[in-house]
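The letters A, B, C and D name the chains in turn, as written, and every chain counts its residues from 1.
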Amino acid sequence: MAAVEMKSVGAALLSPERIQSTAVWMGTVLLAAWAGVTVPGFASSANISAIMYSTSAVGIAAVGMAFITLSGNLFMLSMGATAAVSTIVFASCLHLGLLPSIAVVVLVGALFGLAQGMAVGVFKTNPIITTIAMASIITGAGSFYSGGLTVVGQGDASWLAIGRMAGIPNQIVLFLLAALVFSFIVERTRFGRELRLIGLNPKAAHFTGLRVGRALVIAYVLAAAAAAFAGALYGSQAAQGNLKLGAGLDFDAIAAVLVGGVAIKGGQGRILDAAIGAVFLAIITNILLLKGLSLEIQLIVKGLVVIASVILGALALGARK
Amino acid sequence: GAKGSKVILLTVTEECEYCALHQRAFKEVASAAGVDVDVKITNYDAAEQASQVDQAIAQNPAAIVLWPADASAIVPSLRKIKQAGIPLVITNSKPDDKYADYWSVFTGPSDLGNGQSAGEAMIKGFAEKKFGTEGKIVIVEGVPGTPPQIARSKGLEDVLGEKAKGIVVAGKQNGNWDQTKATDAAAALFTQVGPDVKGVYAQADNMMSGVIVAAKRAGIDPASLVLVGSNCSIEGVNQIKDGTQYATVLQSPIDDGKYAANAVVDLLDGKKVEKEIYLPHEIITKANVSDCDAAIGR
Amino acid sequence: MMERRAVLTVTGLQKSFGGVQALNGVDFDLEAGEIHALCGENGAGKSTLVRMIAGLMSPDEGEIRIDGNLLKPGQLTSVKQVSVVYQELSIIPHLSVLDNVLLGDPDVGQLYIRKRYAARARQTLDQLGLSEVPLDVEAGRLAIAEQQLLEICRAVMRGARILILDEPTASLSDAEIQRVFKTVRWLRESGTAVIYISHRLPEIFALTDRTTVFRNGRRVLTKPTADWTSEELVAEMIGREVKPAHSVRDRTDLQHAPKVLELKALSVAGKYRPVTLDFRAGEVVGVIGQLGSGANALIETLAGLEARHEGSVILNGAAIDVTSLSAAISCGIAYVSEDRGGKSLFLGAPIEVNLTSAILDRLNRAGVLSLGEARKRALDLARRFQIDGRRLPLAASTLSGGNQQKVAIAKSVALEPKVLVLNEPTRGVDVGARTEIYRELQALARQGLVVLFFSTDLEEIRELSQRVITVFRGEIVNDLPVEETAMDSILGDVVRGPGMARAA
Amino acid sequence: MSTATLLRIALLIALIIVFASWNPAFVSGRNIYALMQSFALLGLVALGLSLTMIAGEFDLSVGSMVAVGGLLTLVTGESNLAYGMCVAFAFAVAIGAANAFVVSRFNVSSLVVTVGSMMALSGFAFWLAGGKVISTDNFDPGFALDNPILTIFSWRSLITLAAFLLAGLFTRHTLMGRDIRVIGSKRLVAAASGAKVGLSLFIVFIISALCAAMAGSLLSMSLASAAATTGSNLMLQAVSAAIVGGVALSGGSGSPLHVLIGSLILTVMNNGLSLMGMGATGILFANGLVLMGIVLLDGQLGAWMSERFAASRARHSA
């Protein structure tokens, strides 16, 4: 019985649709093990927590991005703008306390998401262009609000910035929590099932009577809220906000989603794949940093990793044919 | 005369505190002198600035004040301004002196001077924290290839090489003028160089915020290090006040803007103006942090 | 009679996809000047054979010769030799009509000078009844039937020696089909060899000279069409005896069954005039009309696809709102669309997920889906529709067309509707699966459901329905029990309207 | 010409009239020259990118390619800029071919492939710049390129206009041009009708990379310097230009004429707003609003409005 279970688990992991994400999961473990042995300083606790910190914000955004990709709407290119504006909102609300300011940030992010979700889900606009346009609008609005200045928060954000639970940074705990909750939402709730079906075939979803518009609105709200929350993490670091903080989130999150193996045509892949994609990229970046390689080499390697993982996924699917 | 004449200020992004304060100060001083100021802003985009220069020339102003988005890409545009016969004040970043013919006045900081002051501050900090004159420091730099990145590091290294050979730069990473990147860069530097880092030079205070976060996360008390930033921006001031950062180098955006405004007003009034006017680079520590507030107008 | 000469010979053709043997040692030949029908259930391998003749796929084994010359595997066959109208519509919507006609024409050089071909294209279009269609309009703006004709025009214009039509009439009305027939016959006269693939037996008998039957990737039998009988053809196609659905039909009198659905002066401007009709529990009603006659608009109104209708729809005595699909569903009207791959199924999702996709709200336990309940319901539906229960975790794309259609219908039946509305319930479905579907629909009706379907297939109307409603140009011509109708009178209603109606 | 195209031309003219009446300097020769200079850059990038869009693909890497093109020209062309330009073009052809190879060989979405090449190229650009400012003392080619011709043009803007003309002829009057459109609409049909799918993909990706590299190369000569950050927002602007002009992201529709109109609308708007003294973020905001308006009109809202319009017209005529 157990053997049968094992076999079917094995078959599932190696099925063409899953092979890319399985490879990335294993790649992450192997890479970490290899670096732990050969890269000096990699396994130090300080470095491991540095990796965790650099994973959290991107990871949370990637998990949010996965909603959009799963729904068949490719990417949300307003995540960076949302995160940047969120750092400002976060800093300006910090005097109210940490929790209230996180709440405000997430709420504002959700509103941005609502606008985009309405456009895409109800008015059937092109998702890529809608989010590009919204990115400009959000950045413009943020700039009017802050006058382009750095906003310094009057309050203590250290719980979020450097706090730890049982030695584990709070940020990474929040990231894992977000990944698990979002994953549960996709795998086990009605909304999640609807979202996946919409991603597979939006027309059929409509004819089946699924709540297409509503599900897309929720997906955009969740994704933008995730981006905003990532912004809160950036903002908490120094209890400050400005329009540059987190502005590069879009492509980091996209890279994580793609490397993790969430299929761009929608409906296929898991939330946790996006999360592991973020971890994988963070580890690679960290190794390059430790080896003293500069930003440019890091970028080149990241780009090649994205292309390689995509080719791997395509080869796996092609092998079936 | 300056009164009633039209001046076009070509400047860079508003999404930068320094730039915003610079622009505000410039407008205040210039308007007070009765100058009609027209502003064109680019988000550090050299191509866009080049076409803004064309546009500005088309408006035929009495003078142009220009903050180059890229000090070398701007040179051909400078020549066009020269050909159009419009007086030009360059502010903040100076193109290569080879082309000094093209502008009337330069006002602004000297990045070399800024780095030198940072070097002095570092030496002072080592003494104050009883590290003596030996130890490892690391640098978190701005976008590679930009003049401030090159000149500030050079200034610091010059001074250290001259006055404190024992203080060695054990590592450099690129923080891209960005707090988040600086956090990762500093975290890597702490891991690479190990626990015996005694000081950090961050080429801008906002990057120093990232360094402090990274130090805390790595379990290092930032106050135990000699942290020297630059620009005297609000992040730095706060960090100095709460004791986490040791020093910064004053480079007042308000002065920067004012100097440029004064230069253009004098130029239009027909007064003689020096070709190069540099900002002072005062070292700011907890003791004189109020200078900073004053310079920034808080 | 002239000596027949084979233009195309296929010998020992083999092709498999993974484990599926799509073609298994097929021999086949085609003679100049003949129209040759290919029949077979879905998945019998007809389209696969066509794709190989066209050079889109290379065979695993075997060879194809045209005029004795061997085709090179992996190379497209010249369209001067073989021209194909594929089963799937292949019109490019953003290109003009002329560009579409010229697509794939080998005479067109790298420099693209349209003027040169305009006159010839015009002539061919006219011949197929597209004389109203200008050459420079975007093809996407044409009606589906016009697009299908355009595609046929494209194939004809290439002047190929062999013309292959793979279910060309699936979306055409009878009048349009007659046009296509005329053109095909004219091509035959000029010596072209034609392969004609269709699931509609009447067309095969009306048009073709010889008929070949495929079953499970093998060629079963080839005979002159005149020597086949309809029953024999069906029997060969499925390899077993099928009982016509008629024989299982209930003869109970429905006159006393309660009225379930009433339409009061229902109309859609520009599509059909006000309609007043009653439907009783247990009725299976076929609505037939040519495309554009308003017949399908009528049933789509009930499904909630015509938001702008007038008049009212009454279900079990209460007026209901059918301005949207979801409103109709929540009132108890379920809809099965005509396009199973495009509008009905999630081909990439497991069959189980497909079966339960319409009833997610019923699997909802405090926001969380109950997977056990889902499995139970899916198994139940699979059993009723004879879908292999062990395949439930597999993707719907792994099913054959007929089985996919069963899933599409089962998924709507899961809603436990009071009225089931179907659009072309068995388009492109083979005879075996068709019978199974008919049987299940009639069983549903016996449980008190109203089954209402639109079809352009006379055979289907006769087989499935108890009551036939014919529509011509937005108006109902006749509404009669199926026993009181004859094939030709239905056809007469549909193509000529009430003027000619049932003179006898 | 379709109504959608006419509407866009009307929008362009309306913008020009509004700005001109606000500030007559807008239509001065020198300002139109300035406007055409911006157009020279944006138009070229948008043109290349839009060809990939018409073929149903997308090339996210054009922005980074602009930077690489400029840097390669100056780095390898220290002694001879023409040589540097050739190197940049050759490199662009190689990258375009590599993008196309991965897309067509592995049958993966180009959006995904070019996310990767965008990152890698951007890294390569930083590496090329290598912590130095890349500049040249050879100003002459730049001055020659930017020298006003007939008051409002320069060689740079004329080159871009010529590229539009060539691309227009290519898409309209060659078989390959038509096939690119077919590929963007229905790839399988294209293959079945003998269109050279792979070759067409190579051509569009190479043209796209080449246009970007050419834009970067010309810009670097005109600025006598090149930076790794150049073009960071050109990609977004170029998509906007294509979309504003009416090229659909879904492929198969649109033409160089549309891109020309779209690019002009954007440059006119940015130039005009800048003349009115609006800051960079204000212009960004305005761009966002226009783009949003256009996607809304292209989506359900537009469909609904035109339906309304048709209904009211029908009522009136009845």
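Quick note on the criterion: a contact is a pair of C-beta atoms (placed from the backbone, for glycine too) under 8 Å apart; a residue touches a chain by one contact, two chains touch by 3 or more.
Computed from a prediction, not measured in an experiment: that's the story for all the values here.
Novice: Could you name all chains that are in contact with chain A and with chain C at the same time?
Specialist: D
Novice: Where is the C-beta contact count highest, in terms of which two chains?
Specialist: Here the largest contact count links A-D.
Novice: From the centre of chain A, which other chain's Cα mean sits the farthest off?
Specialist: Centre of mass proxy via C-alpha means gives C as farthest from chain A.
Novice: Based only on mean CA positions, could you tell me how far chain A sits from chain D in angstrom?
Specialist: From the centre of chain A to the centre of chain D is 29 Å.
Novice: So how far apart, in whole Å, are chain C and chain D when each is placed at the average of its C-alpha atoms?
Specialist: A distance of 44 Å separates the two centres.
Novice: Just the number, please: Cα centre separation of chain A and chain B in whole Å.
Specialist: 34
Novice: Let me have the rounded angstrom distance from the C-alpha centre of chain B over to the C-alpha centre of chain C, please.
Specialist: 72
Novice: Could you say which residues in chain B touch two or more other chains, in rising order?
Specialist: Correct list: 13-15, 144.
Novice: If a residue has to touch 2 or more other chains to count, which residues of chain A qualify?
Specialist: Correct list: 143, 148, 294-295.
Novice: Of all the residues in chain D, which ones touch at least 2 other chains?
Specialist: Residues 126, 228, 281, 284.
Novice: Could you please write down every pair of chains that are in touch?
Specialist: A-B, A-C, A-D, B-D, C-D
Novice: Which bits of chain A are touching chain B when the two form their complex?
Specialist: Interface residues on the chain A side: 41-42, 44, 46-47, 49-50, 53-54, 143, 147-150, 152, 161-162, 169, 234, 237-238, 240, 242-246, 248, 285-286, 289-290, 292, 294-295.
Novice: In their shared complex, at which residues does chain D touch chain B?
Specialist: Chain D reaches chain B through residues 25, 28-31, 33-35, 37-38, 41, 126, 129-135, 137, 139, 142-143, 146, 219, 222-230, 233, 271, 274-275, 277, 279-281, 284.
Novice: Under the touch definition given earlier, write down the residues of chain B that touch chain A in their complex.
Specialist: Listed in rising order, the residues are 13-17, 19-21, 144, 171, 173-174, 176-181, 183-185, 187-188, 190-192, 194, 206, 209-210, 212-214, 216-219, 233-235, 238.
Novice: Considering the complex alone, what residue numbers of chain A touch chain C?
Specialist: Residues in contact with chain C: 188-190, 193-194, 196-197, 200-201, 203-211, 267-268, 320-321.
Novice: Show me the residue ranges of chain B that touch chain D in the complex, using the header's touch definition.
Specialist: 13-15, 38-48, 50-52, 54-55, 57-59, 70-77, 79, 98, 143-147, 149-150
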